[in-house]
Amino acid sequence: MSQQDVAERELTMSRAMTDAIAHEMRADEDVFYMGEDVADYGGIFDSTQGLLDEFGRDRIMDVPISETAYVGAAVGAAMEGMRPIAELMFVDFFGVGMDQIYNFMAKNTYMSGGEVSVPMVLTAGVGGTYNDAAQHSQTLYGTFAHLPGMKVVVPSTAYDAKGLMHNAIRDDDPVVYLFHKRLMGIGWMPAPDGPKTPVPDDPYVLPFGEADVKREGSDVTIVTLGLHVHRALTAAEQLATDGISAEVVDLRSLVPLDTETILDSVRKTGNLLVVDEDYRSYGVTSEVIARVAEHDPSLVTSVDRLAVPDVPIPYAREMEDEVIPDATDIVASIESMDL
Amino acid sequence: MSASESVTVDSDTYWPADVDAEEAIVTNWFVQPGTQVQEGDLLGEIQVEKVAIEVTATTTGEVTALLVDEDAAFERGEPLLSIAPRTDE
Amino acid sequence: MVVVTRTQMERMYEDMVTARRYEERLQEEYLEGKQPSFDISAGPIPGELHLAAGHEASGVGVCHHLTDDDTVTAPHRPHHIAIAKGVDLKRMTAEIFGRKTGLAKAKGGHMHLYDSDAGFACSGIIAEGCPPAVGAGLAAKKRNSDAVAVAFLGEGAIDQGAFFESLNFASVHELPVVFVIEDNDWAISMPKERVTDVSDGSQRAGGFEMPGQRVDTDDAVAIYEAAGKAIARARDGNGPTLLEVQVHRRMGHFMGDPQTYRPEDDVADAQARDSIERLKSDLRDHGATSDELTTIETSAADRVDEAIAWAKDQPAPSPDDAYTDVFTSPPRGVADQAEAPSQGGDD
């Protein structure tokens, strides 16, 4: 499977992210990182590991537990031309500072007729699968993608994470960068195989609005993001042994959304399964299916979606496993499709 | 470029000072047999109790073997990987 | 000790008279076309309009210490502050009238006025302007500049979480920020004593390592002196201050507000204490003649009338303009890089 002629060095997703951040911080004094426990702790989910030693407390800033104040301060600093990266430790904390996020960060450019820009990144740890229950396990992809004015990206691999982070920092607009805790490569939350990939040493930019076909196939298209890219790939392996060829499309970017790649894929396979770790109703799965349908409903014969049902995420393992789709659920969905 | 016999990199090198535990796991490998490394390069991570530790190359050369699998446990003192040192001309 | 010169007083008088005239003229323009019964979306100025007649002393007393490099955030009752800060009056008026050449191409309106040349922005969620002002102070400190940031807020805003968090953040990081509470006693229809637990909002500084001061009189010179101290303190790197200044709301909360909740004598009282009359009287004590004062008043009135006439002459935006300016850079981000290097491995 590997076509490497030289065995390349791999990185965890967290190291790929910090690699990009460190590079940008060396290149531009206006870039700084602010969040809870980002200094000595290096980020609860390793998002700033090693950065304090190189850049110091002034640029890797611990902030008080006050999302409204520090996210808003990031907005204000960005409007003065700095390029802050503000972190929500858990995306679930967005509620505490949501006004500054969706009413200011996302809207200042528009409300000023393009006169001001807000060149900041809002990073956030997302995702469940480790029994952290309803207030610490959400992804909220749909919430951020739904509200206008913010670009939203979701890396699933170390390679993608670095390229998207370079772009996010250099972009003059607010970018919401959602990193899945289970994909980071944290010792106490082991990642599946997959997010750890070879990562070039040099900086590179992945454009937003470009999905990535992570596995080619011909019978069914699985459109997904984040952790579920890897669950879909596992499912695809299983399906292959049953003679079903599944194509896995990793969205990578929700705003802007790469509709073309989705359409190209369903044009080829004629069957669509959308898999999402956010709530089912009014979210990513709805959006992807709607985009296909409004373009040409005749492209697809079978359509289905798997997502977290419209319930708060439960604590006990049996229940959390039930509500968050896994590879087995993906296989079952596809096998019950009329392909 | 001359290569000499592989040297093993011993887990004891990385053990944190004030930790009693004698067992640990490899959480991540970033290299594989064939990867060229410089002294000081990051090769992988191990976890001793709650502490995450970086495994860095003790010599410049080529990785020849990973002696403990990722996610597997090992005891203090066991070798983690081997590197064939390379002296550049 | 802040000494106020006659020239400074004249400048303040000029901006106060301009602001008062502006609000009165906007009131006329706004109400036109809304008859016979008040339809908020009808007429040349649609939507809500929050006029600041009676707040003028606060705008000049604070902003006349500031330069274009200093940043001001203001709430939904901003015109007096914008005028004192030196915002482009014509383009601001065009924005309020919803014209294409307005400050925000008519996308923001009166509650969302941005003039980054003048270092001014306002917005409509209570206390929302505090954190970004803190951020501007943070940027100033990181850049070692002596710029300061000022966040204006109403007395109703001091109960909002964003206010407390901003005080803490500014304090713990010793940022060059001044918070100015404009206390006009009324949060729409709620009188201060019904909703806030202190009668002197500046006391809330006591919960933080920050000085607080209240200026009880609606007096431009007194405000100027207090603000001067606070701003100098910030500029000198000595951290934030919380100021509260008493002002009076001469009109309703928003245009169309019948103010039935407000006791008649309260309205009369506000009308009687006019900070403009007070400054005028101070100027006379400093030797200003009636002619000199009239010249200032006439010039201010002309400036306002000219701005409004200019604005009404500006083109309307086209419906399609609604789709632009969501982002400043291409949706795909920095797309000018060479193609990303291939990953190697299993594609």
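When the chains are written out, they are named A, B and C in that same order, and each has its own residue count from 1.
Quick note on the criterion: a residue touches a chain if its C-beta (ideal position, glycine included) is under 8 Å from a C-beta of that chain, and two chains touch if they have at least 3 such contacts.
Since we're looking at a predicted model, the values are computed, not measured.
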Considering only mean CA positions as chain centres, point out the chain farthest from chain A. C
Based on mean C-alpha positions, which chain is nearest the centroid of every protein C-alpha shown? A
On a C-alpha centroid basis, what's the spacing between chain A and chain C, in Å? 38
Based only on mean CA positions, could you tell me how far chain A sits from chain B in angstrom? 31
What is the distance in Å between the mean C-alpha positions of chain B and chain C? 61
Per-residue overlap in chain B, given as positions that touch at least 2 other chains: none
For chain A, give me the residues that contact two or more of the other chains. 8
Residues of chain B touching chain A in the complex: 27-37, 41-42, 45, 47, 50, 52, 63, 71
For the complex, which residues does chain C have touching chain A? 71, 73, 102-108, 112, 114-116, 121, 123, 125, 128, 130-140, 142, 149, 161-162, 165-166, 168-169, 172, 324-329, 331-335, 337, 340-341, 343-347
The chain A residues in contact with chain C across the complex are 1-4, 8, 32, 58, 63-64, 66, 68-82, 84, 99-100, 103-104, 108-117, 148-149, 151, 159, 163, 166-168, 170-173, 175, 197-198, 200, 202, 204-210, 255-256
Residue ranges of chain A touching chain B (in the complex, touch as defined): 6-12, 15, 185, 187-188, 190, 196
